[in-house]
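One chain, subunit A, appears in both complexes that follow, with subunit B as partner in the first and subunit C in the second.
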Partner chain A sequence: MGRRGRQRLVVPFILPAFILYSVFFVYPAIRAFWVSLHDWSGFGGNMVYIGLGNYSEMLKDTVFKESLMRTLTISLGGGIGIFALALFFAAILQRDLRGKKFFRTLIFFPMIVPGVGLGLIWQFMYNNSWGPLSALLKLVSLESLDRVWLGPDYIIKSLAVAVIWTYVGYYMVMLMAGIDKIPPPYYEAAILDGASEWKMFFTITLPMIWDVLVVALILWTIGSLKIFDLIAATTFPAPATSTYTLTIYIWAEAVGVYMPVFRLGYATALGVVLLLMVVVAVGIVRFVTRREAIEY
Partner chain B sequence: MTTRTIASTQAGSTLDWRYRFRNVPYYAFLILWSAITIFIFLWLVEGSFKTNREVFGSAFALPATPLEAAAANYEKAWTVTHMGTYFSNSVVVTLASVIVVVAISAPAAYALSRVQFPGNTIVTYYFIAGMGLPFQLIMVPLFVLLARLHIANTLQGLILTYIGVSIPFTILLLTGFFRTLPTELEDAAAIDGCSEFGIFWRVMMPLAGPGLFTAAIFNFVSMWNEFLLAMLIISNDKLRTLPLGIMSLRYSMQYTADWSGLFAAVVIAIIPSFLVYLALSERVMSGLTLGMGK
Partner chain C sequence: MKSRKFVLLTLVIASLLLSLVATQCAPATKAPPTEKPTVEEKPTEKPAEKVKIVYWSMFSEGEPLQQLLDQATQDFMKENPDIEVEVNWAGRQVLTVLQSAIAAGTQVDIVDHSDDRVYNAIVKSGLALPLDEYLDEKAYDSDKAWKDTFKPGALEIGKADDGKYYLIPRDDYISAFFYNVKMLDELGIHPSPGEMTWTEFVDMLETIRSEKPDVSPLGADGPVSFYNNWYFTYLAIRLAGKDAFREAAYDKTGEKWGEPEFLQAAQMIEEIQGYFQKGFEGSVWPAAQVQWVNSEIAMMFCGAWLPKEMSEQTPEGFEISLFGFPKVEGGKGNEYVEHWANTYGVLKDCKHPEAVARYLQYITSKKVGTDIASLGTPVPLVGVPVPPALENQFKILETHTAIPARAGLNTEIPEYMDNVFNVCDDKLFQMQIGPEEFIECLKTESAAYWAR
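Now for the complex of A and B:
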């Protein structure tokens, strides 16, 4: 307040972080927009200015459109699964269940495992010749249900299962933190009025954690469009283009998944599209979940 | 808790009976989910105790010579496939990045959250804006930049990149934390004649311990696991981090088909995070989910 000496701290305190952040993150991000206007095949070669050429190429690029659809499917389908389960887990773990901490810790655990490790684990799980899923179906004589889990027909469902299993704990913990803050008298009053558990969930729990839920939805929207490690490792080393998501496609165009490919301008333009998708998706989530503030 | 006290005061044997068993379906579901999760990881660990022949055999058969097979697999993974080198690279990169990012973000977050100066809000927004940027966007320009600075394909280049991209979230988390600390202590220290830097270093830093620790844990987990930027920046085999190492090992499976060795390598990559999680699960969970809140 009256301490004028503090002002002198500002520049030396902020400068180191400011410089490293600006040089290694902001500058490449801004530069990306310029690069996306070029045709550029390889770090040694020259950039050729083609205006919006990369963007108009996308409109004709079926691999791009299909990859985009897969990303959106995982984002939406996986999101429905994750939030249904996370809300369910958060609500039931709020009860005085024994082993609550154990379940919470275990369900969250995949979040701290390296994404590539998880991806390889799912690749093993889905392996048709020696993986446990196919073996389990054989064990219970349901071979007829066995599928080429990582083939083009089932890849999205298989990936969605892996994605839901990985991320559900993260959103569960966030929602539980929100539920913990609800004052108990609301529930006590509702119980005295004879409200059922379902009724309490929809009339007390859900409205009271709405803000937390919106933040969680926004985080999922941003995160789901960017999921890379898990999917890359699950389909590694030679994913067919029919299994690409948008992030995998960007990887394939920038450096090549299996064989070296260097379509640097196009890959960067795809990165710009990814950024725009994040911005638009967050806007949509904000709009859909907007609500008058309710005073309790 | 409250639910139980009120519900159990209600009379009626049917209600009692229903009350006592009302949690059974929930338990059943939780146990099923946990069983699947435990199975997935146990199966992975068990695979590293098998010989290759056994991996290709029945998925549920237990290994015949677990200790010999494990010794061979882990030995091979650690030395022959260089997991040992990758492990120490990961340790160096992660430790250096975590220490520097926390060390430079803490003073910045302190200044942004506790000192009034013109442009404060704009600078704060500038820092936090980076949180939405996908790494796919910066890949190509970043690589060109690192190549110009002659630090592409070096651990220094990777460390500087990790620091740069981790600053937005670290600053967001720490500004939120500093705002919760009381101002009285600062004022008292100022009245006692403490210098402004002394207030930051001797009064605020010790108070900020838990926040700094949370930021360090969050960054540790995300950097230890990071793959995309590491793959972009590192191409030299000797400089690979663990995620790159297990992916290149998976790549070579096409020629070697040494799956049990790969199982062991994946286990090696998971163990450090697992140990941190085992010791500090609550801190890790809040660290990963907190700060993102508001």
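Now for the complex of A and C:
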């Protein structure tokens, strides 16, 4: 079959996915951009065209800027914590350890619990009156280390810890899949050459799982910028404005869930900015992590 | 031959795809129809044409008030066989789903939620039906006009700037200090419902602290911004008056927050912060409320839903009463009390407004109102018994001037309240900044907000 023939054969197979993608993703994104050019409460058809008015308002919106900083803090800080722990656990659990499967399941377990449930669990954990964290610190006479975990001074850090605990298992499993594919002779040869564990990790493991690591980083970048359910549930019934992340702010502006603010036009503009942020962030990750592929 | 196969294959896939898309575009699942009452028809008479009205409710299935309203709806349909009421128990996100329902052309005739939300959702958008003509009609179970079955002032909650009434209150609330009656009795404290002064209030807090060192005189769940801001709002209005408070919020320069009364209000908040429970700034709702019913906290400032909200956790014998926010000596706004309600709104596109009005007249009748009140929910209808824990609510309303939540600012400029007022107020309330910094925050953030 010639090239033209192969192309003709491919088109009907990719057409359904292309149409679905266009209808459910591309069209809504274009429509969202159109809505973002309007002042609109979301009720009725009274959309007033204001051009880039929503975007210029965003530049002066301190809540937007602070929400953005909090989102980036959780994304970067959470990402460092997640990948450090995921790599550590993946490296440890690749060995023949007793209870390896049990520990892998345990670390992965938070991923199967809905985000709302996890948020409520962490609300309980951080509760100073009857939560286990404060109780444990009192039990071991470390009461001086107890803090108001969901108070204004610590809430972002507390949320970051909750995020790390939730997602580390998912990325650990991804990295373990990559590590499992590395042929053992590489490690055997390194051991014979007298390489230490750290040396083997940086010169064999990390380079050989690089592609998997990049995919994991991209997934985390996308997921962390859009994180919502865990934050909303941990700060239920209503997060203070000083704890808004970008997605919470979009939600608050769009549908009047906390205060009766119904500004779907402005919220859509915030959503478009979030989309652009995700695209740019993924581009940056791909640029920074680019290298020649290692084949083995 | 090959090109015919290609065309055939593409057509098959495209038709499969279209059928998939068509199923996705099917109408959203509606709430199951409510049970139709059996009505015996006289063989010689033609039954009246049945009309359907659709009510989207803020309650979720299983809630006590939902079960009561569901039964009331069934009873209404038995008495009015020509009206079918389809109810969607959508939950607190009802207005969120209403946005897309309106865009999709789905029939929704009645919606309910807090007055500020329903007002901003459908009245401000011009989607609500004025109900004045129906309010002049006879009430469902009385010879009086429907509007006269409500307690004085209750209907004002649903009145818009054009002077027309768009919202009908179902249950109404004030904000007040809810206290443990037995605990204060033991200390010989009997708060006046509506006449306590600030000095008396602080003395009372001090007495509780010294006589009961294991009990926190005040309780709060610090992260809840719209609970925190009650303190500054009331103190600012008490000291400066309602109009000055509103003018300061609307001032585009932010400078009016520099008036001395507002600094004094912030200082008064600082004065009482030591009386809150330890760690209140990070206490996640409803932790402080639970501590209150467990007698670890003496009193909480909250809306009048508090007793009902805590009814399942409240131990046997725990007596609740309330008193209004203390008056400040020499203040200009001591006569005010916040008053708001959960309300019904009607969409102006409804096809059967008469049927809708009849249903609302029934659901706000004395019979249904009495049933609602028996659940511990205050109802603004004449002749409906008051839940025992809330007796003082109506005494306070009789002797004070009712104002909307946060002097109307929650409804008029909710974004300002969320992005400016609450941001600064939380920092003050949670002890991150002092009174002077708080005033600077209000000035700076207000100017930045209005410049957007």
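Everything that follows uses one rule, which is that the second predicted complex is superposed on the first by the 262 of 296 C-alpha atoms of A that agree within 3 Å, B and C clash if a C-alpha of one lies under 4 Å from a C-alpha of the other, contacts with A are read in each partner's own complex, and residues count from 1 in each chain.
Methods note: a contact is a pair of C-beta atoms (placed from the backbone, for glycine too) under 8 Å apart; a residue touches a chain by one contact, two chains touch by 3 or more.
Please read all numbers here as calculations on a predicted model, not as lab measurements.
Of the two partner chains, both subunit B and subunit C are touched by A:G5. When the two complexes are overlaid on their common chain A, residue A:G44 makes contact with subunit C while staying clear of subunit B.
Look at A:S129: by the touch rule set out above, it reaches both subunit B and subunit C. Once chain A of one complex is fitted onto chain A of the other, the partner contacts of A:P16 extend to both subunit B and subunit C. Of the two partner chains, subunit C is the only one touched by A:Y154; subunit B is not.
Shared-chain residue A:F83: touches no atom of subunit B or subunit C. Residue contacts after overlaying the shared chain place A:T235 against subunit C, while subunit B stays out of touching range. Comparing subunit B with subunit C, more residues of subunit A are touched by B. Look at A:E188: by the touch rule set out above, it reaches subunit B but stays clear of subunit C. Of the two partner chains placed around the shared chain by superposition, subunit B and subunit C are both touched by A:L264. Residues 5, 8-9, 12, 16, 20, 23, 43, 129-130, 236-237, 255, 264 of subunit A contact both subunit B in one complex and subunit C in the other. Those residues of subunit C that touch subunit A in the shared complex are 2-3, 6, 9-10, 13-14, 16-17, 21, 93, 95-96, 98-99, 102-103, 114, 116-117, 119-122, 124-127, 222-226, 278-279, 281-285, 287, 291, 410-411, 414-415, 417-419, 422-423, 426-427, 430, 432, 445, 448, 451-452. Here subunit A touches subunit B in the complex through residues 1, 3, 5-10, 12-14, 16-18, 20-21, 23-29, 31-32, 35, 40, 43, 89, 92-93, 95-97, 99, 102-117, 120-121, 124-125, 129-132, 134-136, 139, 165, 170, 173-174, 177, 184, 187-188, 191-192, 212, 215, 219, 222, 225-226, 228-229, 232-233, 236-237, 247, 250-251, 254-255, 264, 267-268, 270-272, 274-275, 278-279, 282, going by the rule given at the top.
Within the complex formed with subunit C, the residues of subunit A that make contact are 5, 8-9, 11-12, 15-16, 19-20, 23, 41-46, 57, 60-63, 123, 126-130, 148-155, 235-243, 252-253, 255-264.
Against subunit A, in their complex, subunit B makes its touches with residues 1-4, 6-7, 23, 26-27, 29-30, 33-34, 36-41, 43-44, 47, 55-60, 104-105, 107-108, 110-112, 114-115, 117, 123, 126-127, 130, 132-145, 147, 160-161, 163-165, 167-168, 171, 187, 190, 195-197, 200, 221, 224-225, 227-228, 231-232, 242-243, 246-247, 250-251, 253-254, 262-263, 266, 269-270, 273-274, 276-277, 281, 284-286, 288-289, 292-294.
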